[in-house]
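Chains: A, B, C and D, in written order; residue numbering restarts at 1 for each.
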Amino acid sequence: MLGITAVAVILATAGCGGPLADGGKPARESAAGHRPRVVATTTVVADLVRQVAGDRAEVDCLMAAGIDPHSYKATPRDAERLLDADLVVASGLHLEGRLATLLERLADRVAVLTVADRLPADRILEAAGGIPDPHVWFDAGLWSLLPMKVATALGEIDPAGAETYAARAEVYSARLREADAEARRRLAAIPAGRRVLVTAHDAFRYFGRAYGIEVVGVQGTSTASEAGLGDINRLVELVVSRGIPAVFVETSVADRNVAAIIEGAAARGHVVRLGGRLYSDSLGPPQSDGGTLEAALATNVETIVAALSDAEAAR
Amino acid sequence: MTLATFGQPALIAMAGLGLTYNTLVVLGGVAAVGCGAGVVGSLTLLRKRPLVGDAAAHATLVGVAGAFLATGRRDLPTLLAGAAVSAVAGLLVLVLLRRFTRTREDAATAIVIGVSFGLGLALLGGITARGIPGGGGLERFLLGQTAALTARDAALLAVISLLTIVIVTAVLKELLLVAFDPAFAAATGWPVGLLDAGLMALIAVMVVIGLPAAGAVLVTALVVIPPVAARQWTDRAGSMLVLAGLFGLTAAVAGVAVSSLRSGLATGPLVVLAAAAICLASVVIAPRRGWLARRLRSRIRGGDDQP
Amino acid sequence: MSSDALALHGWSMLTAATVSASCALVGTLLVVRRMSLLGDAIAHAVLPGIVVGVLAGGRLGGPLVLAGAVVAALMTVGLTRGLRAAVGLAEDAGSGVVFTTLFAAGVVTVSLFASRIDLDPECVLFGILELAAFDLVSVGGVEVPRALLTATAVLVIVAGGLAATWQLQISTAFDQEAAAAAGIPVAVVTTGLLSLTAVATVAGFEAVGAVLVVAMLVVPAATAELLVHRMHQVALVAVAVAVAAAGLGWLAAWRWNTSAAGMIAVVLGGFYATAVVLAPADGLLARLVAKLALDWRVAREDWLARIWRAGEQAGAAGASVVRPRPRTGLERAAAVWLRLTGRVERSAGRVRLSKDGAREAELVVRSHRLWETWLGRHADLPADHLHPPAEWVEHHLGAAMRERIEAELTAGEADPHGREIPPEAGRPDGPPPVV
Amino acid sequence: MNPGQQPLVEFHDVTVAYGRRPVLWNIDLAIAEPCLFGVIGPNGAGKSTLLKAALGLVPVVGGFVRFCGRPRRQVQGRVGYVPQRETVDWDFPVNVMDVVLMGTYGRLGWLRWPGRRERAVAAECLERVGLADLADRQIGRLSGGQQQRVFLARALAQEADIYLLDEPMAGVDVRSQEQIFGVLAALRDAGRLVIVVHHDLRTAAEWFDQVALIDRRLVAAGPTAEVLTADNIQKTYAGGIELLEQLGQAVAERGRTE
């Protein structure tokens, strides 16, 4: 029996080349010539790279839409994708948990760009305890600094396309700045006293800083640890005492904490609505109302504005 | 479906005591589970199988992932139903291994724990890698989300705990007989296999409803620790069950109370630590069976600890 | 496939295999000593040790964290034994108390210091085998995964430690009291095993996570125990199973794009299930086949013996006996088979045994009558109760047993019913007449 | 209780195997009348196995056991059982009274708890074995002899017609032995059949009305004086075993390597 097993292992190992080459993704030297392969860790970063690269590069996203990056665990195929990449783009600031530390080591062999590290240090927020807060993307103004960095990294692996990338980056940055202004304008419509965003975890502090909204999360910046009863009580107290009309859940995070807060507030006679589902650590599937960062930002803003400025709900 | 509908006076009284609504809900749910787990756990301890709960707990992961894959839903009842099915299946495998193979009982338990958990992880990994919508947060069941219990969850836990306690009480005589002397029980015509299977099913149910209250790893603690503590204080099975229930309940209350004091303190583990503190105290100071009492006795008798 | 990817698979499988092998080795002894659940306890209880190690400035996989974990593991064992010594608590219940408490303490510590450390409780439950090949260090010019280096060091320690004390370990595992009486330092041997277990377990969950270490410790040994019986064989087969499962598990995880650690455990489970069914001596299939084969032989022998007896009776009574008919479906099939193979011949409505058939039948009848005679003499059974047991035993007596029984009887003795016992060498006057 | 003149207990050609290996061969034994019946034989002769087979605790591979002509399941309440003392955990959290009350469970059936009547019965049984003053004591704090008497009291509380006792005198002090014997004799005098597995030949002769000598097979059975002859004892304690041992082995082997 063991002999058979050993043979099976050898055969299976030898056979690796076959199923992989035609399995799922095209091999590197296929159809569209020598398109560089870029692997992005999160959907947010993948969107950034796609916007800059357009069709010139093949962009592969490690984490599917709706997956929480904090609790993502790699599979052998993911590891293979990372190794096969010409460029790996990560978000950084420990968003990807243990993957991040390993990506640093991967940098010896594959070009790795950690986007959040390229932002000006003075604009990085600190979470409790002094570690940096990784959720930088929903500050569109801040995010607009990044397309150029991506273009540079792409240009290094694909010098022929450097100009194309730079041009696209320029355009995209401009769009992001526009989206930034638009978001600011729309959110300004919310009455000042109601500008409090309560979510499952602390993913919106950059957003809050950029657009003048106070942000409170049930859990800290990482979803990895469990929320305590003290956290829930604190938020219920806050929601009730401030008369906050709506709280929000996130597409990639379990929503039980938020449900508990709504109920806790209701028990104190304060009706707080579920304001809606926000895109936070993960964008939506392509073509959805959160398929790109711009779309997700607009959708989030729309959801927040609708929920917080709704006079009925505030009663 | 909130407690608010049950009347404002109660809530005002609660607030007077410094208890918030959420604290009360979590308290109710966790206390019910702590109590039920203590009672059922006492019987598995007496049956000399304290770790079947551990096997059941690890087997639940498959069911959580499977239920999500099968229904695409991730509300508590669906996931718990899946968990219950796989916990029972895990224990069934355990029974079959014991019956049909030469593998020792402890090894069989370890096999069920390791392999079923591995299968669960493989399923979860597959769900994550394929980005199946809503798959996020399933693994949170592992460590529980004690503080996030809603009134419905708590009511579900309370009802099932109560039901379990009622069933245990109803067949307590038979369960104790089988635990004490299975040969005599069989010789006098009691269906020992059936009663054992029933006990296994009860422990599986208790473990499953302990998942949202404490998580897969820590629910084992609720099943093992309070009974061990209770055993220290009494020489009667009946009072041991009552005490184990009370200890479980007390640990739940204490853990919940401590975790509501400040933010950043996970509730489930605190409940376990409270139970462990009760257990430690029981082991040290319990009269007669406690460590101090034994030391004293052996001092008096000149080293002979045997009665 | 790129050479990078090939190296990835190679390194990862090698790392997994090395870790599994260490676990399988200590697991062999744990399983025999009924300490299988120790792995489960240690795997959970190390969390606080890791947390303290990280807080003290270590990093995952580093020596400080490893030391913290080993200390926590030994503490689990120590506390469990302490509980037993202090209040007589059974070891499984005791470890249940200890490991859950330590794990809870670990989780609380993590949540208290969450802001200061990049660590979550799940890091103990899940390993990072998949990414091991990213973290390379140079050894003599070759880039080798750091995790593989750790795993190899652990394997050397574990294999070396066990090889050096193998005889002592086996003696202790087999019978502690006898070992102690023979002057073996049982406590030292046990502590050594526990330390090696702690080291192997900690290295294991770095790669595959805590709970799966439980599978790695126990399943290979449990599988091997079903296949072979001597301890060193069990150890070798366990290692082979572990290595094979590590490789196949990785490939399966790659094939279906899921967690490698999970798939390794699943493959281990598959091996174990296969062994349960297919094990040569005790497997379910072997038992089923043996039972069917026995039933088939009994049916054949019964049919031959019935014809033989009918012939004997016909010889005595002068040809006026009822020809026997098969009584069961199996016997009918046996009758057909025996006719086809030529041991029973049939012509013109009469049945006769061939020379071979008569010989086989004779031995069955001989066994039957020998046993009846022996039992009649040694057990207090009425004569009419002698037949049914002999009917069963006749199929189980071999030549040696027949000889032994005959030696206890008087030469030329008839059975309790007064019939002749055919001699072992065959009746001189050939088979009895045709029926 | 015995209208059809059936034997009280009948072992009909009973063969018992653990796994594939037979350990008790073709026991054929009928006990017709109430008496004190000793089952005697060397260690490992299968005496306890015989009782367990009668109670359905181990499967019978050949033959059958009947009580008053009926299978065990139909007479469950009428057969009392005293297992060996080592089979249970004496650290179990029950007191003496709890254990004795277990004897009444069979009559009570599901969902009913022992009431006043059962307590009275249990108290009386404790009285009979001389443990009335220890009713509230945890069973672990009893001497070996007292523990054995608790088991006996539990069997008495079953209020059975036939009692099966597995080595009740093993590891018991002389005083307890006499007390136990006294209780058993009283049972016999009250018209009950008492079957006792016993390993001590000396005491067997004075205690039992009838005995069966067993060593993997039944060597002899009947009135004590007739059965306990030097010849029979020789056969029980020296002869035949080896062959049966080897045969058991052979059966197990052939079953496996078929």
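Keep this in mind: a contact is a pair of C-beta atoms (placed from the backbone, for glycine too) under 8 Å apart; a residue touches a chain by one contact, two chains touch by 3 or more.
Note that the structure is predicted; figures quoted are calculated from it, not measured.
This structure's chain pair with the greatest number of C-beta contacts is B-C.
The geometric centre of subunit B is 32 Å away from that of subunit C, both derived from CA atoms.
Subunit A and subunit B have centres, each the mean of its CA atoms, that are 37 Å apart. Per-chain Cα centroids separate subunit A from subunit D by 74 Å.
With centres defined as mean CA coordinates, subunit D is found 40 Å away from subunit B. The set of subunit B residues touching two or more other chains comprises 48, 125, 129-130, 139, 143, 264-266, 268-270. Each of residues 71, 73, 75, 77-78, 220, 225-226, 228 in subunit A touches at least two other chains. Across the assembly, subunit D contributes no residue in contact with two or more other chains. Across the assembly, chains come into contact as A-B, A-C, B-C, B-D, C-D. Looking at the complex, you find that subunit C touches subunit D at residues 88, 281, 289-291, 293-294, 297, 374-375, 378-382, 385, 388-389, 392-393, 396-398, 401, 404-405, 408. Contact residues of subunit C toward subunit B in the complex are 31, 34-37, 39-40, 44, 83, 86-87, 89-90, 92-97, 100-101, 103-105, 107-108, 111-112, 114, 121-122, 125-126, 209, 211-219, 221-222, 225-226, 253, 256-259, 261-266, 268-269, 272, 276, 282, 284.
Subunit D makes touch with subunit C in their complex at residues 12-13, 15, 25-26, 28, 62-63, 91, 217-221, 235, 239-240, 243, 246-247, 250-251, 254-258.
Residues 2-4, 8, 11, 20-23, 25-26, 76, 125, 128-137, 139-140, 143-151, 215, 256, 259-270 of subunit B are the ones that touch subunit A when the two sit in their complex.
Those residues of subunit C that touch subunit A in the shared complex are 1-2, 4-6, 8-9, 12-13, 60, 107, 110-111, 114-116, 118, 120-123, 126, 128, 130-131, 133-136, 227, 237, 240-241, 244, 247-248, 250-251, 253-255, 257-260, 274, 278.
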